[in-house]
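Just so it is clear, A, B, C and D label the chains in written order, and each chain counts residues from 1 on its own.
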Amino acid sequence: MTDAATPRPDETYSYLGPAGTFTEAALKQVPEAAGKHWRSVNNVGEALADVLAGRSTAAMIAIENSVDGGVTATQDALATVPGLRIVGEYLVPVNFVLVARPGTRLDEVRVVNAHPVAYAQSRGWLERHLPDHGHIPATSNVQAAASLFENGLADAAVAPPGIVDHLDVDVLAESIGDNPNAMTRFVLVSRSRRIAPRTGADKTSLIVELPDDEPGSLLAMLEQFSTRGVNLSLLQSRPIGDEMGRYRFVVDLEGHVEDERVADALLGLRRFSPKVIFLGSYARADRREAQYHSKYEDDIFIEARDWLRGILSGEPEED
Amino acid sequence: MTDAATPRPDETYSYLGPAGTFTEAALKQVPEAAGKHWRSVNNVGEALADVLAGRSTAAMIAIENSVDGGVTATQDALATVPGLRIVGEYLVPVNFVLVARPGTRLDEVRVVNAHPVAYAQSRGWLERHLPDHGHIPATSNVQAAASLFENGLADAAVAPPGIVDHLDVDVLAESIGDNPNAMTRFVLVSRSRRIAPRTGADKTSLIVELPDDEPGSLLAMLEQFSTRGVNLSLLQSRPIGDEMGRYRFVVDLEGHVEDERVADALLGLRRFSPKVIFLGSYARADRREAQYHSKYEDDIFIEARDWLRGILSGEPEED
Amino acid sequence: MTDAATPRPDETYSYLGPAGTFTEAALKQVPEAAGKHWRSVNNVGEALADVLAGRSTAAMIAIENSVDGGVTATQDALATVPGLRIVGEYLVPVNFVLVARPGTRLDEVRVVNAHPVAYAQSRGWLERHLPDHGHIPATSNVQAAASLFENGLADAAVAPPGIVDHLDVDVLAESIGDNPNAMTRFVLVSRSRRIAPRTGADKTSLIVELPDDEPGSLLAMLEQFSTRGVNLSLLQSRPIGDEMGRYRFVVDLEGHVEDERVADALLGLRRFSPKVIFLGSYARADRREAQYHSKYEDDIFIEARDWLRGILSGEPEED
Amino acid sequence: MTDAATPRPDETYSYLGPAGTFTEAALKQVPEAAGKHWRSVNNVGEALADVLAGRSTAAMIAIENSVDGGVTATQDALATVPGLRIVGEYLVPVNFVLVARPGTRLDEVRVVNAHPVAYAQSRGWLERHLPDHGHIPATSNVQAAASLFENGLADAAVAPPGIVDHLDVDVLAESIGDNPNAMTRFVLVSRSRRIAPRTGADKTSLIVELPDDEPGSLLAMLEQFSTRGVNLSLLQSRPIGDEMGRYRFVVDLEGHVEDERVADALLGLRRFSPKVIFLGSYARADRREAQYHSKYEDDIFIEARDWLRGILSGEPEED
């Protein structure tokens, strides 16, 4: 295969646009993307289609929000679209400003345009300061602000702070998000099968289906990790979609596929599960080193293999 | 306490309206609601607020979709709003029609108004038949159709089949949902603390937080169920919201709190977890009986208690 | 039933005699036995028969040796003879002297009389100092020495240090046991069903059979303890005896049946196992307090029961 | 190394003698031993010393009795003497006859000579038919009968049925063992490190120590087997001997070290345990095939390794 990650003069990165979105802020954290062509798209599906079709080297997509949880469209796309790999993780603090057309005063605001997630995250502020407001949903945070100039339906919009670089709006209020520590987690997705190098502070992402007919199979899946000292940072169930009550699991684990304990857990998982999708090993955005007991260090695994090899070969065992 | 479930002449049921929504279809399945006042509200928050304030006896709210998964707004509301109980479960098949103002032809449709969930579930059909359409999001499936008469922005709307009873629209296409078996699961929520009687085909819903600092605590939580033969029909993680990586779990288990094995699992869970919310035991919508090994029958629990009581009392043990 | 533990003027204690055995040393540690009638018997079977027939209040029997392991005759008797309870535990340091008829010199010793267990524990010394000796087995440690005066077969005997109080022998060598820290653990067995009071440093002894046809049933048994934070100090398999490969388990756990975590583990065990024999809760000989995580304290169990009771009664829950 | 198992003209097999013992009956089941030199020894220690010193090719030793349980001297020797391997397993039905000097009548018997294990297994018969008998212990079953001609202390002896081929005795009663199905399990032990070929009906024997300071470490050890579908046919604790309460485990598992599931379990065990001794894989005496779920078949393990290798190499994954 040709490796889509090889730098090319015409490299393109897709992201949920337009300019000013949190997704764009995430893409700005990627050194390799600097100076390359950035392609603004309307949704996760388009972003991944760009990657699959080879129009883009990689796509930046939101995967989890500290307040709202997993971005289910992204999780479902990664579970069902074959050939994709996560190659990096990025965190963007999420906060919002209330903006309006120039000259608008806060007490004149009747209707607010906002992406539903942003609306949910600033509802507390809105209910305190604009108790009688109406809400019009938008398809992105930037689009919410842009709509102010497209029709007269809304008087104000909930938008990312960076919006002022792109649109001629007045900021009526800052930091209107209900949770000051809200973050969104993004991943950079490509078709490359080359594994990012181990850093000691890595994550590995998987999609796992459980054997059908076995009660306790979730427990058995988790034991594959716990018996190798592998911690999970995310475990989320998603409906497979064919019938009520059938789920697949989105799993993020602490460590890299080249860590012995992780590789062994993946072997156990693959044997156990009817379907495991390896989505990639990559450096964590928060650079926090994986925590595990010393009994799960690489040396322990290597020594055990040597010991077993000695037994199978019939050579004398040294204790 | 005053029991909010006591029948009153002026009983009210809240639901996501307007008339014609799938939520209304769920409420039509409730015998006790027949002939009572039905109050149409705009979102889950309003529905639960009606219940808490005593304006309504109960509220019907969507909690899970077989294609999109858990309705996170509902799950988060049940986890954070105290004093609520689930008293019934209802399943509604989910399918969609494409409707337009009378006289509109399919080939004239440029822009489609649709609730984001409905849009996601009929995107396959829309992309095949209207490859160049635009999308305007609506706050409910009925509102999507109603908007056709409010402004000229959209030419057609994705709506529930029952919409033709309420609006003067033409149906341009039927069964446009991508999954013909799609279902939405609804729950009826009230303030009553009276437990619904055991039927043998029951569910119990819980919200569980895990101890902070313990790796493997999810495994330990699941063992509380597995060691008592209690199967889970739903396990979903939701961010607690204070920081990235902290989750609570939405759990549906097979059985009733008056089943000995369930009661014992709840005891184990309560001892283990820093926070358990009991959301209710109620008859399953699908009337499927709980499956469990005979070693977890009530008699086994009762006999063991008698045996231990004999030991503690110093009376002779019979084997 | 009449309670055999009620003090009576004519109380009798059975023990493996004659005077001078380690068993007698164990019985000397029992304050209640001081000044009562002590009955010397020849083996565990006789001692337990005395208790069952009411001839003795209690019997002191060896149950485990730190070098040789469980005393299987005792373990099997407790597993198969109904109506017995362990009411106390005692530790006796085990060491041996080599004794002979007065006037004998070490270099004259050709044949050594010794109980097989004592012989095994002093074989290192014997092989170093008497490399060419022969061995005649005895039925008890004291009998080994007594045999020196009964026939001329042996020249010396392995015996407990206290033998010099009972027989006119010369000590040829002291501390001939191979392990200077060797201990034997004894238990006092009675028919009383009254449970000894909790001391905080208790043990509970059980005999447990596993369900027949289930692989992993030992694991399931151990989980009954681990999920309640109950540590085991002994787990020993013993053949049931009907066919090769069927075992029962002798279990000593840390804690008292009146400890909530222990009581709950016993309930779980009783539900799980086709046969559980409760052999008693009693103060540990080493007075070491039970170690367990604070999450398994009595209060946690009591609070959880109160919480569940509130749910079942329909009363408002306070969090 | 020199391979002690290489056939030599002067091959020797050690066994607990003299001729007529059950151990000799076990050795008669070994085709390779036919026509070779058989060396009768007095105990397990001597038999193993012969093997270690190269005086014998192999030694037949008793390891478990269906009534009395593990032969602890053998288990402890295998755990502490380095360099030994089990190369075969043999079952011998255990029954006893009561024999006496020619002309003796049953009603003349006052004192019975018997090996303690044999005595324990025929005590029921002896108490019914000779309620007033005395007991003199012997070092082997054959020695019990031989003693009848060495001194006048006993009138009769408990002996194996084969005794009549070796000594001029009268049989006073047959089948006096309390359990008609009693069996003893023997193992053939050598210094060879060559693994016996897989037969599909194999056993693997191990000695395992647990990590010191970890409660639940026995559970963790058992999970190494259960998560690979490996059943245990024996799990026996033995004191390490240094202090009360420290144990090692004697483990027999179903399967061969060349079975993928067994090899993987051994790797897990080695990583987990401070000390694992591999005692050998060998054909079961009862020829019963190992039972395990198809998900633990060799192919599953091999396929998972191929899958992981593909991921690590960066090659495209096929699902």
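As a working rule, contacts are C-beta pairs under 8 Å (C-beta built on N, C-alpha and C of every residue); 3 or more make two chains touch, one makes a residue touch a chain.
All values derive from a computational prediction rather than experimental measurement.
Asker: When you check each chain against chain A and chain D, which touch both of them?
Answerer: none
Asker: In contact with chain C and with chain D at once: which chains are those? Just list them.
Answerer: Of all the chains present, none is in contact with both chain C and chain D.
Asker: Quick check: how many Å separate the C-alpha centres of chain B and chain C?
Answerer: Here the centre of chain C sits 57 Å away from the centre of chain B.
Asker: Nearest whole angstrom, what separates the Cα centre of chain B from the Cα centre of chain D?
Answerer: Taking the mean C-alpha position of each chain, the two centres sit 60 Å apart.
Asker: I'd like the Å distance between the centres of chain A and chain B, where a centre is the mean of that chain's Cα atoms.
Answerer: Chain centres of chain A and chain B, defined by C-alpha means, are spaced 26 Å apart.
Asker: Taking each residue of chain D in turn, which ones touch at least two of the other chains?
Answerer: Where chain D meets two or more other chains at a single residue, that happens at 223.
Asker: Under the touch definition given earlier, write down the residues of chain B that touch chain A in their complex.
Answerer: For this pair, the touching residues of chain B are 64-69, 72-73, 91, 116, 120, 135, 137-139, 151, 153, 179, 181, 183, 185, 215-216, 218-219, 222-223, 226, 231-239, 241-245, 291.
Asker: Quick check: in the complex, which residue numbers of chain D touch chain A?
Answerer: Contacts found on chain D: 1, 82-83, 193-195, 211, 220, 223-224, 227, 257-258, 263, 266-268, 270-272, 275, 277-278, 295-296, 300-301, 303-305, 307-308, 311-312, 314-317, 319.
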